[in-house]
Amino acid sequence: MLESRTLIQVRFAETDMMGIVYHGSYIPWLEVGRTRLFEEFGFNYRKLHEAGYHVPVLDLSIKYLSPARYDDEVTVKTVVREKPGIRIKIEYEILRGDQLLVTARTQHAFINHAGAPTRPPADFLAACTRHFSGAG
Amino acid sequence: MLESRTLIQVRFAETDMMGIVYHGSYIPWLEVGRTRLFEEFGFNYRKLHEAGYHVPVLDLSIKYLSPARYDDEVTVKTVVREKPGIRIKIEYEILRGDQLLVTARTQHAFINHAGAPTRPPADFLAACTRHFSGAG
Amino acid sequence: MLESRTLIQVRFAETDMMGIVYHGSYIPWLEVGRTRLFEEFGFNYRKLHEAGYHVPVLDLSIKYLSPARYDDEVTVKTVVREKPGIRIKIEYEILRGDQLLVTARTQHAFINHAGAPTRPPADFLAACTRHFSGAG
Amino acid sequence: MLESRTLIQVRFAETDMMGIVYHGSYIPWLEVGRTRLFEEFGFNYRKLHEAGYHVPVLDLSIKYLSPARYDDEVTVKTVVREKPGIRIKIEYEILRGDQLLVTARTQHAFINHAGAPTRPPADFLAACTRHFSGAG
(Lines give C-alpha, C1' and ligand atoms only; values in the text may rest on other atoms or scores of the structure.)
Protein backbone atom coordinates (compact mmCIF):
# COMPACT_ATOMS: atom_id res chain seq x y z
CA MET A 1 0.00 0.00 0.00
CA LEU A 2 1.08 3.52 -0.76
CA GLU A 3 -0.29 6.34 1.34
CA SER A 4 0.18 10.07 1.48
CA ARG A 5 -1.36 13.05 3.25
CA THR A 6 -1.43 16.62 2.17
CA LEU A 7 -2.99 19.76 3.64
CA ILE A 8 -5.20 22.16 1.73
CA GLN A 9 -6.46 25.54 2.94
CA VAL A 10 -9.82 26.31 1.34
CA ARG A 11 -9.79 29.39 -0.91
CA PHE A 12 -12.63 31.87 -1.29
CA ALA A 13 -12.55 31.11 -5.01
CA GLU A 14 -13.49 27.52 -4.21
CA THR A 15 -16.80 28.40 -2.53
CA ASP A 16 -20.18 28.84 -4.20
CA MET A 17 -23.39 30.71 -3.41
CA MET A 18 -24.50 27.91 -1.09
CA GLY A 19 -21.76 29.27 1.19
CA ILE A 20 -19.78 26.04 1.02
CA VAL A 21 -17.09 24.59 -1.24
CA TYR A 22 -18.38 24.09 -4.80
CA HIS A 23 -18.62 20.37 -5.46
CA GLY A 24 -16.32 20.67 -8.47
CA SER A 25 -13.62 22.43 -6.43
CA TYR A 26 -12.71 19.18 -4.70
CA ILE A 27 -11.45 17.70 -7.99
CA PRO A 28 -8.18 19.69 -8.09
CA TRP A 29 -7.55 18.68 -4.45
CA LEU A 30 -7.56 15.03 -5.49
CA GLU A 31 -4.96 15.94 -8.08
CA VAL A 32 -2.87 17.70 -5.42
CA GLY A 33 -3.15 14.55 -3.30
CA ARG A 34 -1.95 12.16 -5.96
CA THR A 35 0.82 14.53 -7.10
CA ARG A 36 2.12 14.33 -3.53
CA LEU A 37 1.70 10.55 -3.45
CA PHE A 38 3.65 10.14 -6.70
CA GLU A 39 6.30 12.55 -5.41
CA GLU A 40 6.77 10.64 -2.17
CA PHE A 41 6.97 7.42 -4.18
CA GLY A 42 9.88 8.95 -6.12
CA PHE A 43 8.05 10.06 -9.23
CA ASN A 44 7.61 13.71 -9.94
CA TYR A 45 4.55 14.27 -12.14
CA ARG A 46 6.17 17.17 -13.92
CA LYS A 47 9.27 15.13 -14.77
CA LEU A 48 7.06 12.28 -15.98
CA HIS A 49 5.34 14.84 -18.14
CA GLU A 50 8.62 16.19 -19.48
CA ALA A 51 9.70 12.59 -20.18
CA GLY A 52 6.65 12.21 -22.42
CA TYR A 53 4.24 10.48 -20.08
CA HIS A 54 0.80 11.60 -19.05
CA VAL A 55 -1.31 9.86 -16.44
CA PRO A 56 -4.84 11.04 -17.28
CA VAL A 57 -7.93 10.30 -15.25
CA LEU A 58 -9.99 7.56 -16.92
CA ASP A 59 -12.82 7.76 -14.47
CA LEU A 60 -13.63 9.40 -11.18
CA SER A 61 -16.28 8.94 -8.53
CA ILE A 62 -16.80 11.16 -5.55
CA LYS A 63 -19.20 11.12 -2.62
CA TYR A 64 -20.01 14.26 -0.65
CA LEU A 65 -20.73 13.53 3.00
CA SER A 66 -20.34 16.93 4.59
CA PRO A 67 -19.25 20.25 3.08
CA ALA A 68 -15.89 21.94 3.51
CA ARG A 69 -16.06 25.68 4.10
CA TYR A 70 -13.96 28.72 3.33
CA ASP A 71 -10.67 28.85 5.24
CA ASP A 72 -11.01 25.27 6.52
CA GLU A 73 -7.81 23.32 6.59
CA VAL A 74 -8.55 19.90 5.18
CA THR A 75 -6.40 16.80 4.81
CA VAL A 76 -6.38 14.86 1.58
CA LYS A 77 -5.47 11.24 2.33
CA THR A 78 -4.46 9.43 -0.85
CA VAL A 79 -4.03 5.67 -1.03
CA VAL A 80 -2.99 3.09 -3.63
CA ARG A 81 -4.00 -0.34 -2.30
CA GLU A 82 -3.22 -2.56 -5.27
CA LYS A 83 -0.01 -2.82 -7.23
CA PRO A 84 -0.50 -0.65 -10.34
CA GLY A 85 -0.67 -2.60 -13.60
CA ILE A 86 -2.07 -1.17 -16.80
CA ARG A 87 -4.50 0.68 -14.55
CA ILE A 88 -3.66 2.64 -11.42
CA LYS A 89 -6.47 2.82 -8.86
CA ILE A 90 -6.32 5.61 -6.32
CA GLU A 91 -8.59 6.21 -3.33
CA TYR A 92 -9.04 9.46 -1.43
CA GLU A 93 -10.48 10.70 1.81
CA ILE A 94 -10.86 14.38 2.52
CA LEU A 95 -11.08 15.16 6.22
CA ARG A 96 -11.46 18.21 8.43
CA GLY A 97 -9.86 17.08 11.65
CA ASP A 98 -11.44 13.69 12.30
CA GLN A 99 -14.53 14.40 10.28
CA LEU A 100 -14.73 12.65 6.92
CA LEU A 101 -16.08 15.11 4.34
CA VAL A 102 -15.54 13.38 1.02
CA THR A 103 -14.49 10.01 -0.35
CA ALA A 104 -13.35 9.52 -3.93
CA ARG A 105 -11.71 7.12 -6.36
CA THR A 106 -9.91 7.67 -9.63
CA GLN A 107 -8.48 5.33 -12.23
CA HIS A 108 -5.54 6.20 -14.43
CA ALA A 109 -3.41 4.80 -17.21
CA PHE A 110 -0.16 5.96 -18.76
CA ILE A 111 -0.38 7.50 -22.21
CA ASN A 112 2.24 9.14 -24.41
CA HIS A 113 2.23 12.66 -25.85
CA ALA A 114 0.23 11.43 -28.85
CA GLY A 115 -2.46 10.25 -26.46
CA ALA A 116 -1.91 6.53 -27.09
CA PRO A 117 -1.84 4.06 -24.19
CA THR A 118 1.69 3.14 -23.24
CA ARG A 119 3.50 0.95 -20.72
CA PRO A 120 4.49 2.81 -17.56
CA PRO A 121 8.17 3.84 -17.39
CA ALA A 122 10.43 0.88 -16.46
CA ASP A 123 11.61 2.49 -13.22
CA PHE A 124 8.00 3.09 -12.18
CA LEU A 125 7.16 -0.58 -12.74
CA ALA A 126 10.29 -1.64 -10.87
CA ALA A 127 9.41 0.63 -7.93
CA CYS A 128 5.88 -0.81 -7.86
CA THR A 129 7.25 -4.36 -7.86
CA ARG A 130 9.61 -3.53 -4.99
CA HIS A 131 6.95 -1.74 -3.00
CA PHE A 132 4.07 -4.16 -3.54
CA SER A 133 6.24 -7.30 -3.42
CA GLY A 134 4.12 -10.29 -2.55
CA ALA A 135 1.05 -8.32 -3.49
CA GLY A 136 1.15 -8.71 -7.25
CA MET B 1 -38.24 10.14 -18.71
CA LEU B 2 -37.03 13.72 -18.76
CA GLU B 3 -34.42 14.71 -21.30
CA SER B 4 -32.66 17.89 -22.24
CA ARG B 5 -29.82 18.99 -24.49
CA THR B 6 -27.61 22.00 -24.16
CA LEU B 7 -24.64 23.27 -26.14
CA ILE B 8 -21.32 24.31 -24.62
CA GLN B 9 -18.43 26.00 -26.43
CA VAL B 10 -15.16 25.01 -24.80
CA ARG B 11 -13.26 27.91 -23.24
CA PHE B 12 -9.48 28.33 -23.21
CA ALA B 13 -9.73 28.54 -19.42
CA GLU B 14 -11.09 24.99 -19.40
CA THR B 15 -7.99 23.44 -21.00
CA ASP B 16 -4.89 22.18 -19.24
CA MET B 17 -1.25 21.64 -20.16
CA MET B 18 -2.12 18.30 -21.80
CA GLY B 19 -3.72 20.51 -24.48
CA ILE B 20 -7.18 19.12 -23.77
CA VAL B 21 -10.04 19.99 -21.45
CA TYR B 22 -9.05 19.59 -17.78
CA HIS B 23 -10.96 16.65 -16.33
CA GLY B 24 -12.45 18.84 -13.62
CA SER B 25 -13.76 21.36 -16.16
CA TYR B 26 -16.51 18.95 -17.24
CA ILE B 27 -18.16 19.19 -13.81
CA PRO B 28 -19.66 22.67 -14.34
CA TRP B 29 -21.00 21.49 -17.73
CA LEU B 30 -23.03 18.81 -15.96
CA GLU B 31 -24.47 21.55 -13.78
CA VAL B 32 -25.32 23.60 -16.89
CA GLY B 33 -27.05 20.51 -18.31
CA ARG B 34 -29.22 19.86 -15.26
CA THR B 35 -30.04 23.56 -14.84
CA ARG B 36 -31.47 23.42 -18.35
CA LEU B 37 -33.30 20.16 -17.63
CA PHE B 38 -34.92 21.65 -14.52
CA GLU B 39 -35.77 24.81 -16.45
CA GLU B 40 -37.47 22.90 -19.24
CA PHE B 41 -39.36 20.88 -16.62
CA GLY B 42 -40.70 24.15 -15.24
CA PHE B 43 -38.36 24.64 -12.31
CA ASN B 44 -35.85 27.42 -12.33
CA TYR B 45 -32.89 26.55 -10.12
CA ARG B 46 -32.42 30.14 -9.07
CA LYS B 47 -36.05 30.49 -8.03
CA LEU B 48 -35.84 27.21 -6.12
CA HIS B 49 -32.79 28.69 -4.42
CA GLU B 50 -34.60 31.92 -3.61
CA ALA B 51 -37.51 29.86 -2.26
CA GLY B 52 -35.12 28.26 0.21
CA TYR B 53 -34.30 25.00 -1.57
CA HIS B 54 -30.91 23.70 -2.56
CA VAL B 55 -30.37 20.57 -4.62
CA PRO B 56 -26.77 19.65 -3.81
CA VAL B 57 -24.80 16.86 -5.43
CA LEU B 58 -24.61 13.85 -3.10
CA ASP B 59 -22.33 11.87 -5.35
CA LEU B 60 -20.97 12.04 -8.83
CA SER B 61 -19.24 9.60 -11.15
CA ILE B 62 -17.74 10.44 -14.49
CA LYS B 63 -16.01 8.41 -17.19
CA TYR B 64 -13.66 10.03 -19.69
CA LEU B 65 -13.76 8.27 -23.07
CA SER B 66 -12.20 10.87 -25.34
CA PRO B 67 -11.08 14.43 -24.62
CA ALA B 68 -12.87 17.61 -25.62
CA ARG B 69 -10.62 20.35 -26.95
CA TYR B 70 -10.52 24.12 -26.96
CA ASP B 71 -13.24 25.72 -29.08
CA ASP B 72 -15.13 22.42 -29.57
CA GLU B 73 -18.87 22.71 -29.45
CA VAL B 74 -20.14 19.89 -27.32
CA THR B 75 -23.65 18.74 -26.45
CA VAL B 76 -24.56 17.89 -22.89
CA LYS B 77 -27.45 15.39 -22.94
CA THR B 78 -29.10 15.20 -19.53
CA VAL B 79 -31.60 12.50 -18.60
CA VAL B 80 -33.75 11.61 -15.60
CA ARG B 81 -35.02 8.04 -16.13
CA GLU B 82 -36.73 7.34 -12.82
CA LYS B 83 -39.36 9.40 -11.08
CA PRO B 84 -37.50 11.46 -8.45
CA GLY B 85 -38.27 10.51 -4.86
CA ILE B 86 -36.09 11.49 -1.94
CA ARG B 87 -33.21 11.10 -4.36
CA ILE B 88 -32.95 12.48 -7.86
CA LYS B 89 -30.73 10.47 -10.21
CA ILE B 90 -29.43 12.25 -13.28
CA GLU B 91 -27.43 10.80 -16.17
CA TYR B 92 -25.33 12.72 -18.65
CA GLU B 93 -23.65 12.18 -21.99
CA ILE B 94 -21.26 14.73 -23.42
CA LEU B 95 -20.89 14.45 -27.18
CA ARG B 96 -18.96 16.19 -29.95
CA GLY B 97 -21.13 15.56 -32.98
CA ASP B 98 -21.83 11.82 -32.80
CA GLN B 99 -18.76 11.04 -30.74
CA LEU B 100 -19.40 10.23 -27.11
CA LEU B 101 -16.71 11.93 -25.00
CA VAL B 102 -17.92 11.57 -21.44
CA THR B 103 -20.64 9.79 -19.48
CA ALA B 104 -21.60 10.79 -15.95
CA ARG B 105 -24.17 10.33 -13.20
CA THR B 106 -25.08 12.49 -10.24
CA GLN B 107 -27.42 11.99 -7.31
CA HIS B 108 -29.17 14.84 -5.54
CA ALA B 109 -31.54 15.54 -2.68
CA PHE B 110 -33.41 18.64 -1.63
CA ILE B 111 -32.11 20.44 1.43
CA ASN B 112 -33.17 23.69 3.07
CA HIS B 113 -31.02 26.77 3.75
CA ALA B 114 -29.91 25.27 7.06
CA GLY B 115 -28.53 22.30 5.16
CA ALA B 116 -31.10 19.81 6.51
CA PRO B 117 -32.76 17.27 4.18
CA THR B 118 -36.23 18.40 3.21
CA ARG B 119 -39.13 17.20 1.09
CA PRO B 120 -39.08 18.58 -2.44
CA PRO B 121 -41.51 21.47 -3.07
CA ALA B 122 -45.10 20.24 -3.53
CA ASP B 123 -45.36 21.53 -7.11
CA PHE B 124 -42.14 19.71 -7.99
CA LEU B 125 -43.54 16.44 -6.62
CA ALA B 126 -46.82 17.02 -8.45
CA ALA B 127 -45.00 17.68 -11.71
CA CYS B 128 -42.97 14.49 -11.24
CA THR B 129 -46.13 12.48 -10.61
CA ARG B 130 -47.76 13.92 -13.74
CA HIS B 131 -44.69 13.38 -15.88
CA PHE B 132 -43.73 9.94 -14.66
CA SER B 133 -47.32 8.70 -14.29
CA GLY B 134 -47.41 4.95 -14.28
CA ALA B 135 -43.68 4.92 -13.61
CA GLY B 136 -43.68 5.50 -9.89
CA MET C 1 -12.98 49.90 -34.78
CA LEU C 2 -13.77 46.25 -34.29
CA GLU C 3 -16.68 45.30 -32.10
CA SER C 4 -18.34 42.11 -31.06
CA ARG C 5 -21.01 40.96 -28.62
CA THR C 6 -21.44 37.61 -27.03
CA LEU C 7 -23.91 36.23 -24.49
CA ILE C 8 -22.93 34.35 -21.34
CA GLN C 9 -25.28 32.56 -18.96
CA VAL C 10 -23.83 32.63 -15.45
CA ARG C 11 -23.00 29.18 -14.04
CA PHE C 12 -23.42 28.11 -10.43
CA ALA C 13 -19.71 27.22 -10.48
CA GLU C 14 -18.93 30.88 -11.11
CA THR C 15 -20.53 32.14 -7.89
CA ASP C 16 -18.88 32.46 -4.48
CA MET C 17 -20.05 32.53 -0.88
CA MET C 18 -20.96 36.21 -1.18
CA GLY C 19 -23.83 34.90 -3.34
CA ILE C 20 -22.55 36.71 -6.43
CA VAL C 21 -20.15 35.92 -9.25
CA TYR C 22 -16.59 35.42 -7.97
CA HIS C 23 -14.47 38.33 -9.19
CA GLY C 24 -12.05 35.95 -10.90
CA SER C 25 -14.86 34.25 -12.83
CA TYR C 26 -15.22 37.25 -15.12
CA ILE C 27 -11.74 36.67 -16.56
CA PRO C 28 -12.72 33.67 -18.74
CA TRP C 29 -15.70 35.69 -20.03
CA LEU C 30 -13.29 38.31 -21.40
CA GLU C 31 -11.51 35.49 -23.20
CA VAL C 32 -14.83 34.26 -24.62
CA GLY C 33 -15.49 37.82 -25.81
CA ARG C 34 -12.18 38.24 -27.61
CA THR C 35 -12.33 34.75 -29.10
CA ARG C 36 -15.62 35.80 -30.70
CA LEU C 37 -14.16 39.12 -31.83
CA PHE C 38 -11.20 37.39 -33.49
CA GLU C 39 -13.56 34.85 -35.06
CA GLU C 40 -15.79 37.54 -36.53
CA PHE C 41 -12.69 39.33 -37.81
CA GLY C 42 -11.79 36.13 -39.68
CA PHE C 43 -9.22 34.70 -37.29
CA ASN C 44 -9.99 31.57 -35.38
CA TYR C 45 -7.95 31.47 -32.17
CA ARG C 46 -7.62 27.70 -32.34
CA LYS C 47 -6.32 27.82 -35.89
CA LEU C 48 -3.87 30.57 -34.93
CA HIS C 49 -2.76 28.29 -32.13
CA GLU C 50 -2.36 25.33 -34.49
CA ALA C 51 -0.39 27.58 -36.84
CA GLY C 52 2.08 28.24 -34.03
CA TYR C 53 0.83 31.55 -32.73
CA HIS C 54 -0.25 32.41 -29.22
CA VAL C 55 -1.77 35.73 -28.22
CA PRO C 56 -1.17 35.82 -24.45
CA VAL C 57 -2.45 38.46 -22.10
CA LEU C 58 0.34 40.89 -21.18
CA ASP C 59 -1.75 42.83 -18.71
CA LEU C 60 -5.33 43.10 -17.63
CA SER C 61 -7.32 45.60 -15.62
CA ILE C 62 -10.88 45.17 -14.52
CA LYS C 63 -13.34 47.32 -12.60
CA TYR C 64 -16.31 45.84 -10.77
CA LEU C 65 -19.30 48.19 -10.75
CA SER C 66 -22.14 45.85 -9.87
CA PRO C 67 -22.17 42.09 -9.41
CA ALA C 68 -23.53 39.52 -11.84
CA ARG C 69 -25.56 36.74 -10.23
CA TYR C 70 -26.25 33.09 -10.86
CA ASP C 71 -28.33 32.45 -13.98
CA ASP C 72 -28.05 36.04 -15.22
CA GLU C 73 -27.61 36.39 -18.92
CA VAL C 74 -24.89 38.94 -19.50
CA THR C 75 -23.50 40.49 -22.65
CA VAL C 76 -19.77 40.80 -23.17
CA LYS C 77 -19.08 43.72 -25.50
CA THR C 78 -15.56 43.55 -26.87
CA VAL C 79 -13.92 46.40 -28.74
CA VAL C 80 -10.61 47.09 -30.48
CA ARG C 81 -10.37 50.84 -31.07
CA GLU C 82 -6.84 51.19 -32.39
CA LYS C 83 -5.23 49.34 -35.25
CA PRO C 84 -3.21 46.52 -33.67
CA GLY C 85 0.56 46.90 -34.01
CA ILE C 86 3.03 44.99 -31.88
CA ARG C 87 0.44 45.33 -29.13
CA ILE C 88 -3.26 44.61 -29.38
CA LYS C 89 -5.42 46.60 -26.97
CA ILE C 90 -8.87 45.26 -26.22
CA GLU C 91 -11.65 46.85 -24.17
CA TYR C 92 -14.63 45.11 -22.63
CA GLU C 93 -17.96 45.96 -21.10
CA ILE C 94 -20.05 43.35 -19.35
CA LEU C 95 -23.73 44.27 -19.16
CA ARG C 96 -26.94 42.81 -17.81
CA GLY C 97 -29.56 44.37 -20.00
CA ASP C 98 -28.66 48.06 -19.95
CA GLN C 99 -26.81 47.89 -16.66
CA LEU C 100 -23.04 48.08 -16.89
CA LEU C 101 -21.54 45.57 -14.45
CA VAL C 102 -17.88 45.44 -15.35
CA THR C 103 -15.38 47.25 -17.54
CA ALA C 104 -12.01 45.79 -18.46
CA ARG C 105 -8.97 46.15 -20.70
CA THR C 106 -6.36 43.67 -21.83
CA GLN C 107 -3.18 44.00 -23.84
CA HIS C 108 -1.79 41.22 -25.98
CA ALA C 109 1.15 40.42 -28.26
CA PHE C 110 1.80 37.56 -30.62
CA ILE C 111 4.36 35.01 -29.48
CA ASN C 112 5.49 31.75 -31.05
CA HIS C 113 5.41 28.25 -29.51
CA ALA C 114 8.82 28.88 -27.93
CA GLY C 115 7.34 31.89 -26.12
CA ALA C 116 9.34 34.48 -28.07
CA PRO C 117 7.67 37.66 -29.35
CA THR C 118 6.87 37.37 -33.03
CA ARG C 119 5.29 39.46 -35.79
CA PRO C 120 1.58 38.78 -36.22
CA PRO C 121 0.69 36.53 -39.19
CA ALA C 122 0.81 38.45 -42.50
CA ASP C 123 -2.88 37.95 -43.23
CA PHE C 124 -3.75 39.30 -39.79
CA LEU C 125 -1.69 42.45 -40.43
CA ALA C 126 -3.26 42.83 -43.88
CA ALA C 127 -6.75 42.48 -42.44
CA CYS C 128 -5.94 45.11 -39.80
CA THR C 129 -4.66 47.49 -42.44
CA ARG C 130 -7.81 46.99 -44.53
CA HIS C 131 -10.10 47.38 -41.55
CA PHE C 132 -8.41 50.31 -39.86
CA SER C 133 -7.45 52.09 -43.08
CA GLY C 134 -7.00 55.76 -42.42
CA ALA C 135 -6.82 55.00 -38.71
CA GLY C 136 -3.21 53.86 -38.45
CA MET D 1 3.40 49.31 5.77
CA LEU D 2 1.93 45.87 6.10
CA GLU D 3 3.63 42.99 4.35
CA SER D 4 3.06 39.29 4.11
CA ARG D 5 4.42 36.33 2.15
CA THR D 6 2.73 33.11 1.32
CA LEU D 7 3.77 30.07 -0.71
CA ILE D 8 1.67 28.50 -3.47
CA GLN D 9 2.39 25.24 -5.26
CA VAL D 10 1.02 25.39 -8.80
CA ARG D 11 -1.74 22.86 -9.51
CA PHE D 12 -2.26 21.03 -12.79
CA ALA D 13 -5.79 22.47 -12.80
CA GLU D 14 -4.26 25.95 -12.99
CA THR D 15 -2.45 25.35 -16.29
CA ASP D 16 -3.82 25.85 -19.79
CA MET D 17 -3.07 24.48 -23.24
CA MET D 18 -0.18 26.93 -23.64
CA GLY D 19 1.54 24.68 -21.09
CA ILE D 20 1.73 27.48 -18.52
CA VAL D 21 -0.48 28.83 -15.77
CA TYR D 22 -3.75 30.23 -17.15
CA HIS D 23 -3.73 34.00 -16.71
CA GLY D 24 -6.96 33.87 -14.71
CA SER D 25 -5.52 31.31 -12.28
CA TYR D 26 -3.34 33.95 -10.65
CA ILE D 27 -6.42 35.79 -9.35
CA PRO D 28 -7.21 33.31 -6.54
CA TRP D 29 -3.53 33.47 -5.50
CA LEU D 30 -3.88 37.19 -4.86
CA GLU D 31 -6.85 36.36 -2.65
CA VAL D 32 -4.75 33.78 -0.78
CA GLY D 33 -2.08 36.45 -0.32
CA ARG D 34 -4.41 39.08 1.15
CA THR D 35 -6.20 36.52 3.32
CA ARG D 36 -2.80 35.80 4.88
CA LEU D 37 -2.00 39.49 5.20
CA PHE D 38 -5.29 40.17 6.98
CA GLU D 39 -4.74 37.13 9.19
CA GLU D 40 -1.27 38.28 10.21
CA PHE D 41 -2.67 41.73 10.90
CA GLY D 42 -5.13 40.10 13.32
CA PHE D 43 -8.21 39.97 11.12
CA ASN D 44 -9.50 36.66 9.96
CA TYR D 45 -11.46 37.07 6.70
CA ARG D 46 -13.89 34.33 7.63
CA LYS D 47 -14.64 35.92 10.99
CA LEU D 48 -15.12 39.30 9.31
CA HIS D 49 -17.52 37.54 6.98
CA GLU D 50 -19.38 35.92 9.86
CA ALA D 51 -19.54 39.33 11.56
CA GLY D 52 -21.36 40.68 8.51
CA TYR D 53 -18.51 42.32 6.63
CA HIS D 54 -17.37 41.65 3.12
CA VAL D 55 -14.30 43.19 1.55
CA PRO D 56 -14.98 42.83 -2.18
CA VAL D 57 -12.56 43.71 -4.94
CA LEU D 58 -13.51 47.04 -6.53
CA ASP D 59 -10.87 46.86 -9.21
CA LEU D 60 -7.87 44.80 -10.09
CA SER D 61 -4.92 45.20 -12.42
CA ILE D 62 -2.35 42.57 -13.17
CA LYS D 63 0.78 42.47 -15.32
CA TYR D 64 2.21 39.20 -16.59
CA LEU D 65 5.99 39.34 -16.91
CA SER D 66 6.92 35.68 -17.10
CA PRO D 67 4.73 32.57 -16.76
CA ALA D 68 4.53 30.27 -13.76
CA ARG D 69 4.46 26.58 -14.63
CA TYR D 70 2.95 23.43 -13.19
CA ASP D 71 4.49 22.35 -9.89
CA ASP D 72 6.40 25.62 -9.44
CA GLU D 73 6.51 26.90 -5.93
CA VAL D 74 5.79 30.61 -6.08
CA THR D 75 5.78 33.29 -3.42
CA VAL D 76 2.95 35.79 -3.22
CA LYS D 77 4.25 38.98 -1.60
CA THR D 78 1.36 41.16 -0.46
CA VAL D 79 1.80 44.75 0.66
CA VAL D 80 -0.39 47.55 2.01
CA ARG D 81 1.61 50.78 1.78
CA GLU D 82 -0.97 53.37 2.77
CA LYS D 83 -3.17 53.43 5.84
CA PRO D 84 -6.55 52.03 4.74
CA GLY D 85 -9.38 54.55 4.75
CA ILE D 86 -12.62 54.05 2.89
CA ARG D 87 -10.51 52.25 0.31
CA ILE D 88 -7.88 49.60 0.94
CA LYS D 89 -5.13 49.43 -1.68
CA ILE D 90 -3.15 46.23 -1.90
CA GLU D 91 -0.11 45.46 -4.03
CA TYR D 92 1.21 42.05 -4.98
CA GLU D 93 4.32 40.48 -6.42
CA ILE D 94 4.39 36.85 -7.46
CA LEU D 95 7.91 35.44 -7.57
CA ARG D 96 9.57 32.14 -8.40
CA GLY D 97 12.78 32.32 -6.41
CA ASP D 98 14.16 35.75 -7.29
CA GLN D 99 12.34 35.99 -10.57
CA LEU D 100 9.40 38.36 -10.64
CA LEU D 101 6.57 36.74 -12.61
CA VAL D 102 3.57 38.93 -11.94
CA THR D 103 2.72 42.27 -10.35
CA ALA D 104 -0.80 43.23 -9.38
CA ARG D 105 -2.92 45.73 -7.45
CA THR D 106 -6.40 45.51 -6.02
CA GLN D 107 -8.66 48.03 -4.33
CA HIS D 108 -11.27 47.08 -1.76
CA ALA D 109 -13.96 48.59 0.42
CA PHE D 110 -15.99 47.20 3.28
CA ILE D 111 -19.62 46.40 2.53
CA ASN D 112 -22.33 44.81 4.65
CA HIS D 113 -24.36 41.68 3.88
CA ALA D 114 -26.88 43.79 1.96
CA GLY D 115 -24.08 44.94 -0.32
CA ALA D 116 -24.08 48.56 0.91
CA PRO D 117 -20.80 50.40 1.63
CA THR D 118 -20.06 50.46 5.33
CA ARG D 119 -17.40 51.76 7.68
CA PRO D 120 -14.72 49.19 8.49
CA PRO D 121 -15.09 47.52 11.92
CA ALA D 122 -13.87 49.78 14.74
CA ASP D 123 -11.10 47.40 15.81
CA PHE D 124 -9.84 47.27 12.25
CA LEU D 125 -9.66 51.07 12.07
CA ALA D 126 -7.95 51.17 15.45
CA ALA D 127 -5.38 48.60 14.36
CA CYS D 128 -4.71 50.59 11.18
CA THR D 129 -4.21 53.76 13.19
CA ARG D 130 -1.79 51.99 15.54
CA HIS D 131 0.10 50.35 12.71
CA PHE D 132 0.29 53.30 10.32
CA SER D 133 0.74 55.95 13.03
CA GLY D 134 2.33 59.01 11.57
CA ALA D 135 1.48 57.76 8.13
CA GLY D 136 -2.13 58.78 7.91
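By letter and in written order, the chains are A, B, C and D; residue numbering begins at 1 in each of them.
Quick note on the criterion: a residue touches a chain if its C-beta (ideal position, glycine included) is under 8 Å from a C-beta of that chain, and two chains touch if they have at least 3 such contacts.
For clarity, every value in this text was computed on a predicted model and none was experimentally measured.
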Taking each chain's C-alpha mean as its centre, the one farthest from subunit B: D
Between subunit C and subunit B, distance of the C-alpha-averaged centres to the nearest whole Å: 29
Centre-of-Cα separation between subunit D and subunit C, whole angstrom: 25
Residue list for subunit D, restricted to those that touch at least two other chains: 12-13, 17-18, 24, 27-28, 31, 49, 70
Touch-based graph of the chains, sorted into line, ring, star, complete or other: complete
Subunit B-touching residues of subunit C, taken from the complex the two chains share: 9, 11-14, 27-28, 31-32, 35, 44-46, 49, 69-71
Residue numbers on subunit D that touch subunit C, as the complex places them: 17-18, 23-24, 27-28, 31, 49, 54, 56-64, 67, 115
Subunit B-facing residues of subunit D, complex: 12-13, 15-20, 22, 24, 70
